[in-house]
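Okay, got some structures for you below.
Each of the next two complexes has subunit A plus one more chain, namely subunit B in the first and subunit C in the second.
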Partner chain A sequence: MKNKILPFSVIIIFGIIFFIFYKGLQNSNIYTPDKNISSDIPSTNFKNFNSNIIFNSLNFFQDDKVYLLNIWSSWCIPCRQEHNFLMSLKKKKKIILIGINYKDNKKNAENFLKELGNPYDQIFIDNDGTISIEWGAFGVPESYLISNNKIIKKYIGPLNQQYVDEINLLIK
Partner chain B sequence: MRFLYIIFLLFFLLNLTSVKGEEQDRINNITKNLRCLICQGQSVYDSDSEFANSIKILVENKIEEGLSERQIYNYFKKKYGDWILYDPGINKNTYILWLLPLLIFLIGGAIIYKKLIKKI
Partner chain C sequence: MIYSLVGYYSLIIGLIIGLSLFYFSYKNFKNSNILDTKILSFTFLQLFFVVISFLCLIFSFVISDFSNETVFNNSHTTKPLFYKISGTWGNHEGSLLLWLLVLTLFVFLFLVRTKNQPVKYKILTLVFQQIIIVGFFLFLIKTSNPFNYIFPIPTEGLGLNPILQDPALAIHPPVLYLGYVGSSIIFSSVLAATSLKIISTSWASHIKKWILISWIFLTLGILLGSIWAYYELGWGGFWFWDPVENVSLMPWLALTTLLHCILVLEKKSILTSWVIILSIATFTLSMCGTFLVRSGILNSVHTFANDPERGLFILVFLFILIFLSILIFFFFHKDNDRKSHSFFWLSKETSILINNWFMMYFLSVVLIGTVYPIFLDVISSQKISVGPPFYHKLIIPFLIPFLLMMAIGPKFKWIKSQLEDKIYLISFLIISLLLAFLILKNFNQNILINTILISSALYLFFITLRDFFVKKYKNISQNIAHFGFSLLILSILFNNIFASEIITNLKVGETFENSKTKIVFESVDQKKEKNYNAIIANFSISNLNGEEDRFSPELRIYNQPVIATSEADIKTTLMSDKFIVINLVQNQDFFNVRYQVKPFMLWIWLSVILISFGGIVSFLQKRS
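Up next is the complex of A and B:
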């Protein structure tokens, strides 16, 4: 009986390890960031696109309004794709659109807005990309829905009709 | 007098470069333990993507603000989750990883000990 305990326990341990690895195989190894977050807005210094005036993000957002903060750039192709959706959101007037111009040339950014229209109520500059990192961004484009000084939803990648419908539902 | 002045200037410049060098070493150490989230299998230190370059600048800014290495890791962990760290601490997702080798070591040790005792 005693001699049987050792092989038996070895088989059980191997069985457990096999089970853990087998389970692990089924998990996706592609990293997907958490999009349903509810976190406080970070304290960053926003520099205005036209006037170079600096605001702190904590003083900028008002409690009773809903904001969509959109990180964009003139060199980013998906930003062109989502631009129409931003223009349609602008017509709603229930939401304030804030643009963060990411690592861009001012002239190119101005031409981009001239060509496709300016949906933003305010634009800020992020020359070295650090403001976007402070907001937890991965790249461009990326959008954050902000209400009551909290980020309530994060949209990674270009906005599409499904996202816009969702935003319209949330701001109703 | 001029000689002394030159010596003083040289000493000052050398000191300045060594301070800068130390800071760069700290930035390198920290960025080597941060995963570039948009690259495949690269650390922030290795990567030259827009994301990684911005993080490098931010790490430098945080060091200048006087944050410790641990505080900088916690800062990024809060923003991007545990995945950004190559060396995450013990939490509910990683405790098996930390404890399993220890457990196997203890069980193995106990088996060997028992066998030895038997022989003696």
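Up next is the complex of A and C:
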């Protein structure tokens, strides 16, 4: 009898360990880069792409509108991929698209927009990358969904159909 | 394009060969007088196809074939060729292909090199190993195919994470895997030997070389990872008790214990249960490590992509293997070493048994520290993090008796023994105590625990050093390894106790001065390289004796992907390392400067090399 108890208890212990790892696997999204908790907008100075007018980000966003702030660059290949999604968002006209042109050459940026179309309502320049750092961006492209002067969602990497569907749901 | 196709179909063929090997093994097992040549040639074919597949992936990286998703995600045309190649295993898919390569390589070598063992045993080992191999084939093809297409073909890749672009890290994965995955062959052969009930002294001396191979590579692999962390991460430490480091340490602890047990088994045919359980534990801990880092449960540089499906697959597979081994252990293994409970208290086997319990204690501390946060999170949604203080407090005090045992234990003879050279042993103990006391007194670091620790490490140092000159003890490999370990502990202790650090903010042209050191921030240069741009800061640092060193740490901005890293500048000398690293202070002209003097840094690496050299000597001894 004693010989039977040991194997069973060992198997049960490992069964429990399996279960806990299995559960742990399901809330492993702690480390996915989506930022679901809404946070305040950082205070940065936005410099307009065409003129030299400077806004402060705290005064710029209006409470009753939804914004998508998109960090992009003409040299960034994934930005090309997400461009169509930005164009499709623009067509919906329910969201204001803000472009932050990251560490770019102005000519190249203009050509990029000429070639693929300009989805942005406003473009600001981030020559040295400080604005993007202030916003907590890891790289380009990256997008922030802003509503009521809060960042409600952060998308790292190029936008895809799934993200766009999610944005469309949120702005309905 | 063509390489991806060839690589992918090679994988499929490899899988089919794996499945057919089950059939051949079954046929051969029933009438087994000689090993079927088909089995050998099919095992070779499997290895061949995995090698082809691996080469295809390397070629895709070399020619920057961005139609391959793995290449697109992890390479870039501006990468130097060396890092294009090392990028092959610097990602999840490629590194799993490397797993598979090592798995098939080891089973082939095992079949070729194993002589004088029953044919049934060879076949059964092959079967167990094929279970693992087929599992990994399925895992690779189903969830992490390295040859996925992208269409349209991107013109440029996303680049390899810059902190992985380092020579030490380029060879760290292959070396570590030879150890990590090499333990699979121990696992398979132990299961085979248990089922056939042939665990004996001759089996022990046969499996010992395989344990040694894995152990040597695992030791060196961990060393390379540690060297990388020291040079590249810029924190000035070499071991952080990071979960990823821990999961490599756990198999090492189990494997080291196994190595000691197998010596007893080889001589005395006892401790069989220990050997079986430790062999199973070593491989399952390796697998468990893979699960923990790859599933994204733990976060680290090794977590390449978070894919729950992958985590689930490894988890299920891991537990299938665990349950299989539990069943085999309880079903076939009859504990026949009742006599083992009555062995004489003063003998080599007793001291090895004590060593085992110490090792098991260290192993459980590391295991609990690594896994407990996950358990707590699941059970009560609390998040805790376990850091170095936990490990230090639980491990360091126990090192003292452990070190003393390491010094005295090998002196005992098998079965029954008396302690010889008592005068030497005691006089060395007194010398070590005095020496440790004097050293620490001299540096005003006189804390009781430090004194005792250093004296026990010194004790091991002296005892093993003396044994090199005493011909009576023939076990040179053991002596080298233990000597290396004493050196390791001593270097770590001195490194910790006598390290000094200066942290300050400086502008270009400014000078920092304290009683011992003068740091002059002379100038800043810029540099453009193929894969990064760098800011180089020039420092001149002089100490009390007027010795002056020039340092130029860098801040690098890698282009693909855009990531900034700090490259430390390290001046290594025999006695100490000088380490300087800079960071940019946000929105200001200041640079944050961290300057550290770390004594005996080089000795940490050297002593680990010495430890593995002990293993190499033992390995070569056995073959002749």
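We adopt the following convention: the second predicted complex is superposed on the first by the 138 of 172 C-alpha atoms of A that agree within 3 Å, B and C clash if a C-alpha of one lies under 4 Å from a C-alpha of the other, contacts with A are read in each partner's own complex, and residues count from 1 in each chain.
Note that a residue touches a chain if its C-beta (ideal position, glycine included) is under 8 Å from a C-beta of that chain, and two chains touch if they have at least 3 such contacts.
What you see is a predicted model, and the numbers here were worked out from it, not measured in a lab.
In the superposition on chain A, contact is made by A:21 with subunit C only, not with subunit B.
Residue by residue along subunit A, subunit B and subunit C are tallied for touches, and C comes out ahead. In the overlay built on the shared chain, the residue A:136 is in contact with subunit B alone; subunit C does not reach it. When the shared chain is aligned, subunit B comes close enough to touch A:128, but subunit C does not. By the touch criterion stated above, A:6 is placed in contact with subunit B and with subunit C alike.
The contact surfaces that subunit B and subunit C form on subunit A in the two complexes overlap at residues 6, 20, 31, 130, 133, 139. Against subunit B, the residues of subunit A that register as touching in their complex are 6, 13, 20, 31, 33-34, 42, 103, 128-130, 132-134, 136, 138-139. Within the complex formed with subunit C, the subunit A residues making contact are 6-7, 10-11, 14, 18, 20-32, 77-78, 130, 133, 139-140.
Partner subunit A is touched in their complex by these residues of subunit B: 37-38, 50-51, 53-55, 57-58, 61, 79-81, 83, 96, 104, 107, 111.
The touching residues of subunit C, when paired with subunit A in their complex, are 154-156, 158, 291, 295-297, 299, 303, 306, 308, 311-312, 315, 319, 322-323, 326-327, 330, 374-375, 377-379, 561-563, 586-587.
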